[in-house]
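Structures for review follow.
The same chain A turns up in both complexes below, where it pairs with chain B and then with chain C.
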Partner chain A sequence: MTQTQYSLSSVRQDLRPRRVRLWGIPFGVALALAFALFLLVAAVAPQIVAWGDPFATDPAAAFSAPGAAHIFGTDHAGRDIYTRIVFGAQQSLLIGVAATAIGVGGGLILGLGSALAPRAVDLVVGRLIEVLFVFPTVLIALILISILGSGIGPLIVAVGLGTVADSARLIRAQALKVKHGEFVAASRALGRSSTAVLLQTIAPNVIRPIFVIATLGVGQAILWASSLSFLGLGAAPPSPEWGTMLADGRNYLQVAWWISLFPGLFITLSALSLTIIGRFLQQRTEGR
Partner chain B sequence: MTTREYTGPLAEVEGLRVEFERADGSRITAVHDLGFSVEPGKITALVGESGSGKSVSARSLIGLAGQGARVGAERLDVLGRDARAFTDRQWRSIRGREVGLILQDALTSLDPLRPIGREISGALTAHRWGTRDTRRARVLDALAEAGLDQPERYVRARSGELSGGQRQRALIAQALAAGPQLLIADEPTTALDMTVQAQILDLFERLRDRGHGILLISHDLGVVGRLADTVLVLGEGRVVESGSAREVLTAPRAEYTRALLRAIPDPSRRGQRLSAAPPLAIEGRAGAPVPASTAGDVTADTAVSARGVGRTYTARGGFALADISFDVPRGTTLGIVGESGSGKSTLARLLGALDTPNTGEITVFGEPWSALSNRERVPVRHRVQVVYQDPLSSFDPRHRVITILLDALRVNADRPGGITDRAAQRARALELLTQVGLSTDLADRHPLSLSGGQRQRVAIARALACAPDVLILDEPVSALDVSVQAQVLDLLQDLQRALGLTYLFISHDLAVIHHVSDRVLVLRHGRAVEIGEADQVLQHPENAYTRELVAAIPHPLPTP
Partner chain C sequence: MTQSSPPRASGSEAVPAGTETSVPAFAAPASEPAHASEPADAAPPAAAALPSPPAADPRARADRRDDTRAFLTFLALRILAGLGVVLVAVSLGFFLLRLVPGADSVQTLIGANGRALTNEQIAAVRADLGLDHSLIVQYGIYLGKLVTGDLGTSYLQRQPVSLILGPQILSTLQLAGTALGFAWILATVSTLLTAGRRRLIETPGRVVEIIAASLPQFWLGLMLLLVFAIGWHWFPVSGGTGFSGIVLPALTLAIPLAGLIGQLTRESFTEALDQPFVLSARARGLSDLSVRFRHALRHALIPALAFSGQSIGWLLGGTLVVEEIFARPGIGRVIFAAVNSRDLPLVLGVVIVVAVGYVLVSIIVDILYRIIDPRIGVNGA
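Take a look at the complex of A and B:
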């Protein structure tokens, strides 16, 4: 009966699934980082990754299927879709970043104001945030575009203001959490004045996680901007903006699926990879 | 369910070894060659400090040693069956039904949204036990077995509606539901008030008398001394000493056990050092008065004085604190003791001027304190500093150890005696670290990577950075192991002697309060029920409630 030999593997008590990691970064996040890096290169110096001219037409090669000459195929005017996607990255990222800046900036003013100001202000601003929150982002953006007209500038403003309510709520929640943290009480007990506590202790701790919110926001904003462009409310047709390209191809879906598929894929992948990166940063900072 | 079929040892373990795989793939051995047994109607205790491997060992008995654990043993018998070859299915079949696990934190272990009755019957449905009606009856029985009168009242309640003691009983009922004979109790009274703890310990005695075998895991030698038949003292995953509870606790052979016992505050050794560490050499402040036991001396100048202090929260309607008055002479310690809800945290906030009383006034060295506006208080605020129970949450999450101290020094740079020069600030910060017994190597670490005791020392150093006269110590050792608690208490004593500090020491632990205090204030439901000399109050209490509190202190040494 008695065994004297250790059988270490005889009792399995580990219920955790295995995860693949590269240098301590989960595999999915590494892929997302690689894609984001590609986007960044495309936005800053598109010539490095695509050598053609995004506007050069070639009627003879119209509707070429993806192949050796055109890896993503060509559209109805014979323009190379891969080249156009690469050159469109700049616009998409610009719209995403600028709209997020407006959204987070507005959210910062409303959210911080509401959380840190006297209760009466919070009551008013808090209700305002809630009212804004009732309207879907797209609806607010559509209303703004109908006032401002179409084009890239109005698109940025519309998407930016459309997301203000979202970020204002997140920032308000973060600010409230920090405000009631014990380290804020400790900072007061050290002898700081109320203003010093606000500027030196509360503000830096509220602002830090906003970078994470912003990363998540850029992916979202790209999605919104593409949707509006698809509806013809953003960049005008010859522009290689992804949403516009998606709309271009929708009449030819039966014969040339690639015209819409690849821009659509890039919109999805950009939003996805930025969201994955954002989530990863979020876990890193919150899990500490 | 009072008659038990199984009469042999409920668990027999020999040569238990638990290894953990670390993130980088290397292995660390958490438990080495551990052997113990649990008999029906007996209590076996695993004692040790955090990280000694006691929880992991106990959980190996139900196949839940944890993530990345590899468990091996020469013998691992659970109710006479060799558990080494158990499949997942077999493990599931014994969990709850043959071995019940009672967890430590009732607040997080119960689902806040599920009624208690459903939580408990979940343990039965998992084993397809009985029918809906018999399960209902069993749930009521289990609640009654766990000592909850009128169990029908609790079936529909959610954990948030129950008191700490009721929640712990509900957890015990959950563990008892499917009728396991072997119970594993992992720190079952850690988060509870003294009087509630005493009741739960009574309950464990009753369960033992009914034939349950209990494996008790605790860091509290008082609890162990009261309950256990057999004790195993663990240190760094090895058995340091084992034997009958009486043997181990009254005539310990291992130095480790002796140090653990010495670390427990005991009235007979009041004011003596609890840890083996030598007193720190701390330079006294010029002119610091030497504290004597002048508690009753009316001529000694008063550091903190409260007169009729009360605080109501209008939202809740009731009062948190009413009519509290006391004087604390300079250089002495006032112990403030009470259970949860007694108003001691509110009092700490008022003393630290983080909140303002509705009635009465607090003065510091005869000058107004609570009556000042925030702006008026800024220049004198540094004189009263607060040390919190959870130091980590009181540090700005962005700060490293050195920045925590520099931050405090910079805030106070412009005051008289403040340091404005950057290099001098840094030197002072390092000096403070040494003063609280920390190595200056820790300066660039983040508090997250420090142990609980180190964090509390950093918190104390930060308070000292402000050159205070008074420290409000709000449960400063409650989250610490007993030996670390001993070191921190010794440190506080050294600092008080050297710097002439006045302490207001808030705790729920009477033994600690008795050890540190000159005078003691007992709070209950926001009112002062007794105040007086520490020995007088804690050895000859006049008030019935204080007597109840004192009686609830578990003593490590079995009373003859």
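Take a look at the complex of A and C:
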């Protein structure tokens, strides 16, 4: 296909058909918001979207394929997969948010500390961040879990500390960019004290993108936490934690694919919708 | 990342900056004087760092000698910094692992099967494992042996760590390498075919990439197994030697990675397509595909390359899950078992392997950078 292009992007942009938008929000973002809303409802009041009991077993209905009675099917004990997924949302979101709070908090201390401190400190802390980054998150989490024991609490700490390096790198890069920005030099040139420059000029510009980093981080934390649960290091069965359910379904992969399919689908959709929302916020805040 | 959030642009000096900071570099040709009528102008001062036929001009030769010297200095500094990273990683690992409850209890270590050991026996084992020294002395002894290439002896398997890890490293490297290769192919094809085209073609490309990047490896692995091994019998369910055994595990790692790489390449590829040199190439009558392949792709590769270097930790973390699902031998499974059994020397061995691997890859990436984009000077972009 040969497509003649007469001019640069601005012209091409004008010629493009308009995007599908709902109230000024792109279609994909609207879908992501809808899914996030569903998750939120499921986490706060699961009874609204699922009426059953996530722990009620029904041996007669074990391994039912998805159908009218059980839209996502049932597992080996006859528990309804859909109900369990809805009730598991709370745990997954809680782990995701709490772990991100630890990760971003630690990242903030390390990243800001390193970028705004004198050069010698930056040299040391910058190296430390790089070293932490070298460690695969799984390895850090594994070591922490073997120190703290397994369970939800240790899982949150492990995922949080495991992702500190990621957010520290992002925050440090952002802080360095702001620190060397022209408006900071201008603020200095106006004769402000260095504390005033730090608090009034640098801090707001560094903190704003953190919402974006946190939104993206929650999605990632959900992924990490569920993979650790999948490996048997997080919530113990019969908890409806998604990773734990998936690990359970793995044993019946050949006979009942739906036990593995749906929890994984929800993990993917959660991560996906949070990523889409995070990107959207990013574009908005950067004014692109 | 993916899992782990994608390693993004770092601010650290020698590590070439990733996405954000490298963008200005691509904008550079826009300000180049308008002699964009020759193909070589795609990358202006190409001759500076690319190997070129010996020039007669003595000044050029001197320039190149300076370049070589600067490059060697740069390389030496990178290697030194890399050794520093490995040392800190080992030290952190060494002391962190001592916090594990029962890390130096003989009962936990050798798994006495519930039999009570006499005090003499315990003392003998502790002396044997070198646990009777103070922590600092143990650390010193460990580092001393490390310098000579001795990684110590596994507590549990009573074998040199290097012997245990050797074959496993090979298997994991094979997996990670194949996965990286697959990821690059997938990302490049998707970018070449769909980036910077009509919305009808571009949007599906974007959507597929962002979905791929959100896929959890453990689930993707199970679903691939379900469809291609259990459903269609194309590949073995587990084990399997040779190429057919590695396809599904490698794809499991490659698909999310390709999503992440593809997003980066697409962004810089689209930017490159707007550059004057692309317009001039089109004006010379080059076909669309050859413009994309010969001119724009080069620019799109740099952030992807940086990302690949940084993703090595992520890739190794992913191998743990994948090796578990597909019952493949490899470092991932060793880590898992070693951490669970508090086999300190073995865990430290893995830490060292990972750190050295990361450092090596990032040095190679730095060198590749200069080959692909000669505008990147020795001191970074």
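The rule we apply is simple: the second predicted complex is superposed on the first by the 269 of 288 C-alpha atoms of A that agree within 3 Å, B and C clash if a C-alpha of one lies under 4 Å from a C-alpha of the other, contacts with A are read in each partner's own complex, and residues count from 1 in each chain.
FYI, a residue touches a chain if its C-beta (ideal position, glycine included) is under 8 Å from a C-beta of that chain, and two chains touch if they have at least 3 such contacts.
What you see is a predicted model; the values in this text were computed from it and never measured.
*Asks:* Which holds for A:Phe230: it touches chain B only (first), chain C only (second), both, or neither?
*Replies:* second
*Asks:* Per the overlay, which chain contacts more chain A residues, chain B or chain C?
*Replies:* Per-residue touch count on chain A favours C.
*Asks:* Looking at the overlay, does A:Arg208 come into contact with chain B only (first), chain C only (second), both, or neither?
*Replies:* The first partner, chain B, only.
*Asks:* Give one of first, second, both or neither to describe whether A:Ser260 is in contact with chain B, with chain C, with both, or with none.
*Replies:* second
*Asks:* Quick one: is A:His76 in contact with chain B, with chain C, with both, or with neither? Answer first, second, both or neither.
*Replies:* neither
*Asks:* Going by the contact rule set out at the top, does A:Ser194 touch chain B (first), chain C (second), both, or neither?
*Replies:* first
*Asks:* Touching A:Gly181 in the superposition: chain B (first), chain C (second), both, neither?
*Replies:* After superposing on A, A:Gly181 lies in contact with chain B but is clear of chain C.
*Asks:* What part of chain A is shared between its chain B contacts and its chain C contacts?
*Replies:* Of chain A, residues 2-5, 8-9, 16 contact chain B in one complex and chain C in the other.
*Asks:* Report the residues of chain C in contact with chain A in the complex, numbered from low to high.
*Replies:* 1-5, 7-12, 15, 20-21, 84-85, 88-89, 92-93, 96-97, 99-101, 197-199, 207, 210-211, 213-220, 222-223, 225-226, 230, 274, 279, 282, 287-288, 310, 313-314, 316-317, 320-321, 324-325, 335-336, 339-340, 342, 347, 350-351, 354-355, 358-359
*Asks:* Show me the residue ranges of chain B that touch chain A in the complex, using the header's touch definition.
*Replies:* Going through chain B, the ones touching chain A are 15, 17, 19, 23, 60, 63-76, 83-86, 88, 352-354, 374-375, 378-379, 381-382, 384-386, 388, 390, 393-398, 407-408, 411-412, 415, 448, 462, 466.
*Asks:* Chain B touches which residues of chain A in the complex?
*Replies:* 2-16, 24, 181-183, 185-194, 196, 201, 204-205, 208, 288
*Asks:* Which bits of chain A are touching chain C when the two form their complex?
*Replies:* Residue list for chain A touching chain C: 1-5, 8-9, 16-17, 28, 115, 126-131, 133-139, 142-143, 146-147, 162-163, 166-167, 169-170, 172-173, 176-177, 216-217, 219-220, 223-224, 226-227, 230-231, 243, 246, 249-250, 253-254, 257, 260-261, 263-265, 267-268, 271-272, 275-276.
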